[in-house]
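To start, the structure itself, in structure tokens.
Which chain is which? They are A, B, C and D, in the order written, and residues in each are numbered from 1.
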Amino acid sequence: MSTTTPIPTPSIAPPDILRCASMELVVTDLAASREFYVDILGLVVTEEDENAIYLRAFEEFIHHNLVLRKGPVAAVAAFSYRVRTPEDVDVAEAYYRELGCRVERRSEGFAKGVGDSVRVEDPLGFPYEFFYAVEHVERLAWRYDLYGAGALVRLDHFNQVTPDVPRGRSYLEDLGFRVTEDIQDDQGVTYAAWMRRKSTVHDTALTGGNGPRMHHVAFSTHEKHNIIHICDKLGALRKSDTIERGPGRHGVSNAFYLYLRDPDGHRVEIYTQDYYTGDPDNPVVTWDVHDNQRRDWWGNPVVPSWYTEASFVLDLDGNPQKVVERDDPSEMAVTIGADGFSYTRKGDSDHGFKLGNTL
Amino acid sequence: MSTTTPIPTPSIAPPDILRCASMELVVTDLAASREFYVDILGLVVTEEDENAIYLRAFEEFIHHNLVLRKGPVAAVAAFSYRVRTPEDVDVAEAYYRELGCRVERRSEGFAKGVGDSVRVEDPLGFPYEFFYAVEHVERLAWRYDLYGAGALVRLDHFNQVTPDVPRGRSYLEDLGFRVTEDIQDDQGVTYAAWMRRKSTVHDTALTGGNGPRMHHVAFSTHEKHNIIHICDKLGALRKSDTIERGPGRHGVSNAFYLYLRDPDGHRVEIYTQDYYTGDPDNPVVTWDVHDNQRRDWWGNPVVPSWYTEASFVLDLDGNPQKVVERDDPSEMAVTIGADGFSYTRKGDSDHGFKLGNTL
Amino acid sequence: MSTTTPIPTPSIAPPDILRCASMELVVTDLAASREFYVDILGLVVTEEDENAIYLRAFEEFIHHNLVLRKGPVAAVAAFSYRVRTPEDVDVAEAYYRELGCRVERRSEGFAKGVGDSVRVEDPLGFPYEFFYAVEHVERLAWRYDLYGAGALVRLDHFNQVTPDVPRGRSYLEDLGFRVTEDIQDDQGVTYAAWMRRKSTVHDTALTGGNGPRMHHVAFSTHEKHNIIHICDKLGALRKSDTIERGPGRHGVSNAFYLYLRDPDGHRVEIYTQDYYTGDPDNPVVTWDVHDNQRRDWWGNPVVPSWYTEASFVLDLDGNPQKVVERDDPSEMAVTIGADGFSYTRKGDSDHGFKLGNTL
Amino acid sequence: MSTTTPIPTPSIAPPDILRCASMELVVTDLAASREFYVDILGLVVTEEDENAIYLRAFEEFIHHNLVLRKGPVAAVAAFSYRVRTPEDVDVAEAYYRELGCRVERRSEGFAKGVGDSVRVEDPLGFPYEFFYAVEHVERLAWRYDLYGAGALVRLDHFNQVTPDVPRGRSYLEDLGFRVTEDIQDDQGVTYAAWMRRKSTVHDTALTGGNGPRMHHVAFSTHEKHNIIHICDKLGALRKSDTIERGPGRHGVSNAFYLYLRDPDGHRVEIYTQDYYTGDPDNPVVTWDVHDNQRRDWWGNPVVPSWYTEASFVLDLDGNPQKVVERDDPSEMAVTIGADGFSYTRKGDSDHGFKLGNTL
């Protein structure tokens, strides 16, 4: 399928997606990844063997929220969504077949702990998975004896890089997602969009850029000090260079955030305290791309790597998807450097002393 | 309708309820209530006149979450739910008419800022309201210049006292609610049940007791220190005697809590950090009524007034509903005092030094 | 020495005490105590053998802040203060000899990691120790990889039960302590006094009651959520019955607090955020014993055991000191029950629903 | 006095300094400064008139911690320390007279609320003030009804820019200050030193650079979230460009920090949670200037303005002191850019994606 033609709306209703549920990451050094996700971030090991580790957050009751699978090239093998009923897996299969996508159905699942599933190469080139059947495990919400000071309690969202955000948005709206916030300019360019199924700001977001690539996967903590502890701990371990950006307060989503890079460079966000979005008329917030508080409410600079680097995603054969360049202007180009600009107060031309103004 | 016969399941599907959205409280001294809810708790005034004050939490975008209406007797005039579509108001009307309930429909709404609504005297005797049309107001989520140190960000839930919890639970399940947690004993008595529409532990709960009465209405903060600040502020104002119970950690819901009593004695909970419940197979947690950590995870005592006192609810003429006594054992009786018992560790007969053991 | 005659002021200047530095607790089950202080509270083991465990808080650089020593009877063997110079140990010895106290000097110290020390049976019957020489160990302040969610960072203070508070206060003032806060009534009875050397509210406090006994030893956390985590963890471990009182906000000291009881019943406070008191004219705060916010700013009840129970202290032979009864009225008697009263607002006779009013 | 010759040690003992107590800032727009310090930061106004505003933090009991005085040029008029006794003011006068410094004594004080004081042009060119007599005002520690979400509770420290740090350090050690931490390189250059009288990491620090200038004045909050709220509030007010650096965790001091710039460019730090330093053998921590976690434990970049910009200080006639250039290497030059380097792990040459590596 071309990456620029509009994606048709299937004739059938989409599967009823509950929420983003799990990501499968291919990692090149399983021990190094285990140290990062288990020893440092404190995710809970549900199950592991020599090839894969299945991890979950403290409040989760399904088998896992993250699979680390050993492989030759760091990439993302699946963005996995849970659907409302077993029949929704059938619907998902039919929906993507009608879209002409490559589809693979496995009644025994693609990962331990998960049953009947379908994986697709979606119209944007991402490996999307849909499942209902899943093994229940202990919800450790009350196990404060196991909580570390930076405990991760929920998988919150995915973030995907795609060249044409409106095209992707339209496809995801057909799939039942609703936009909660986006970033635009006054020329009509959309730079990013946040889209939800569960009643938070997003289950996934589309970030404009060369894609398909995975921008980040995000886990929630209860409070802001939990995120600060993760930074403090990384400092104590002399791994502060895994902190890519933050901590800070997002403009978009109003959440408190931190971005880390795992040993393979996969980006992980730690996130807390966005808002309820479950009403159908939930107001959409559109941010001006030149508003310097959109990405960081405090106006702190976004490091260039955050805009440019992302993880490969795999096709159903396990090969990295070809990355297509974005044609629209890049958010980085229009906001920083000689040709871009950002304002703290609309119409104000002050630049100030921040690093972001000097790049 | 009798209060003991089962409530029939209507032939039509129930309205699609989004969430608990607002409560209308009748208060006897509007100025005193304004001081409590606005000056102390910091709820935002959307609109007010000499007879009523419309308040909302910081992250809300609908007109209000609480109406304080001046009246002769402290009571609750409405438990108001938002439904997904305008047509769901029609459905609600038909649904309750089939149940034989008294129903009143007002296309102009019962409260400012709300449009077409239906109010009913529900089978349990509560004044339930359903609406979709509502005036949007500014979501103040980003207005940290207005946040106080104890800012309330969302209406979280209602809590209703009813004599026969299983009867009420069955009715609410028909209405589309799902149980997330409950308290039982090994004799099969249910003491309380938590029921949700949105993806939190509850939109409303049923507490076994003489009813129909309103046990409490709950607002959320972002973090625990916000709740502690409210206590500290009440101390500074020499109003610490409005703190009825807490702060503490609930066993049920795993949330951090505080119970206050407003100038009329209406109970208000401040609440933070329960967990996601949106999956259809979300595990139900059943607590043993004798588990001393069910109501307070730290085993701190529940003050008797919390079990026995609650607010009257009004019928559609504005008269207090007659209160019917509970036949089943009371949770207070079976857990404290000479005839009750509670344990920290099942099978352990230690009593310890806590006040709750001495009552 | 009689327990009622005034304690003379020695002719020589007192030793220059820096701070409360360590307590030596005799415990009857070393493994049970280790579980409590190390596994649950997370104190750091500097050194241990089969008879004793030496523990410190995360920001400490001296060898230990707590010694758990195995013994036949639970008691306190030493309240240990650090002095400014080696010569101050000589001064301390001379000072107490002039007071006629029993004194024991050991150049090799009484505990591992501590050098030249003097222990005394002080005029109030407490085993006070003074030392300067001490082994330095790593200050783990930056070791966030080792911090648990409820990390204890400093030893903050001792609290001693003595029958005659003014008599003890005068003695401690001679010793160089300064009163920061106290509780009195309008009959001139003093119920408690807080006294400091370092610039916090106290290094030790005197609580009126049958004594000499040890009321509690207190450790600090950085923030309030650390204390809440300790409660949550105790709940998860089904040890919530070790929580005796709190968490809450003190009136006196303005600190956030929690009281626990260790396996031998020794009381431990977890404490955070009192204020700077280092100026010589630091204002003394006197609280009315009938002010219901003095002990808990939120007016939550003080459990009777907190008033009545305390640990034995040992003489220099290791035998428990005889406990002398308090002649003055007890704080519990004058504030709760039929013969006592407490107010939220001075002059107000409201009682409210709190448990404390019903005892 | 030359700025390079050693400063002699006076023959008399120095005054007994308790703590940094107040700074007098000259501001060019009193209304703008009031908005910043009162409306935004929430400092408490003790007294004000058309020319000056006297402010204090919530836990303070002396008249003020900050004076904003209207003047033609933004500068610092006084670094004011409180001494232990009235006689220490005499000692301070004699001490500086012996040093050959210009000295001015005013029995009525230089600022409202303060009595007998001496101001000096110290050997480093800074306007130091010493006083004991001061008007007591209400300590608002318990007035949680007045606390905002980002409440400042104490003045914590000053920070001074001076060309020759070892020379300044020696002078301040003579004056009774003790070093707690410093930054050096392996060539023996000292870049900064932290020095204390009260038992915290510092009452003042010396930062190597062109001086005498004032680097910043710091106020404490209770917890980290208070600092985050200040950032969030500045975002809401569209004043995020007043955030110069942070929030972050310092390596030096281990405190959580934020740097703001007031309307005149005076730098203000918000600071919380350093550690107790009151023992005479408190371990000094020396940081390698190339350690990228020394200034920010998370390795986040220090913005160039933070190294280069600072406030003028006034002589006793109210004229700005001449700024002398630093001869030693600058910390900025040796750590960032083509000629400098910083490491996360000693010996590691990785640079990573942080902005600080790209400047």
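Note that a contact is a pair of C-beta atoms (placed from the backbone, for glycine too) under 8 Å apart; a residue touches a chain by one contact, two chains touch by 3 or more.
Computed from a predicted model, the values in this text were never measured in an experiment.
S.K.: So which chain is farthest from subunit D, going by the mean of the CA atoms in each chain?
M.R.: Greatest centre separation from subunit D goes to chain B.
S.K.: Taking contacts as defined above, which has more of them, B-C or A-C?
M.R.: Between B-C and A-C, the larger count of C-beta pairs in contact belongs to B-C.
S.K.: Pick from A-C, A-B or C-D: which pair repeats the contacts of B-D, with over half of them the same residue pairs?
M.R.: That would be A-C, since it shares over half of the contact pairs of B-D.
S.K.: Please tell me the distance, in whole Å, between the geometric centres of subunit A and subunit B computed from their C-alpha atoms.
M.R.: About 35 Å, centre to centre.
S.K.: Taking the mean of the CA coordinates per chain, how far is subunit B from subunit C in Å?
M.R.: Between these chains, centre-to-centre, one finds 42 Å.
S.K.: From the mean C-alpha coordinate of subunit A to that of subunit C, what's the distance rounded to whole Å?
M.R.: A distance of 50 Å separates the two centres.
S.K.: What positions in subunit D touch 2 or more of the other chains?
M.R.: Subunit D, residues with two or more chain partners: 142, 223-225, 232, 235, 251, 297.
S.K.: Write out the stretch or stretches of subunit B touching subunit C in their complex.
M.R.: Residues 223-225, 228, 231-232, 234-235, 238-241, 243-244, 247, 249, 251, 256, 261, 292-293, 297-301, 303-306, 309, 344-345, 350, 352-356, 358-359.
S.K.: Spell out the part of subunit A that touches subunit C in their complex, as residue ranges.
M.R.: Those residues of subunit A that touch subunit C are 142-149, 151, 223, 225, 229, 232-233, 235-237.
S.K.: Within the complex, which stretch of subunit B touches subunit A?
M.R.: Residues in contact with subunit A: 18-19, 59, 61-62, 82, 84-85, 136, 139, 141-142, 153-154, 198-199, 222-224, 251, 254, 273, 275-276, 278-283, 297.
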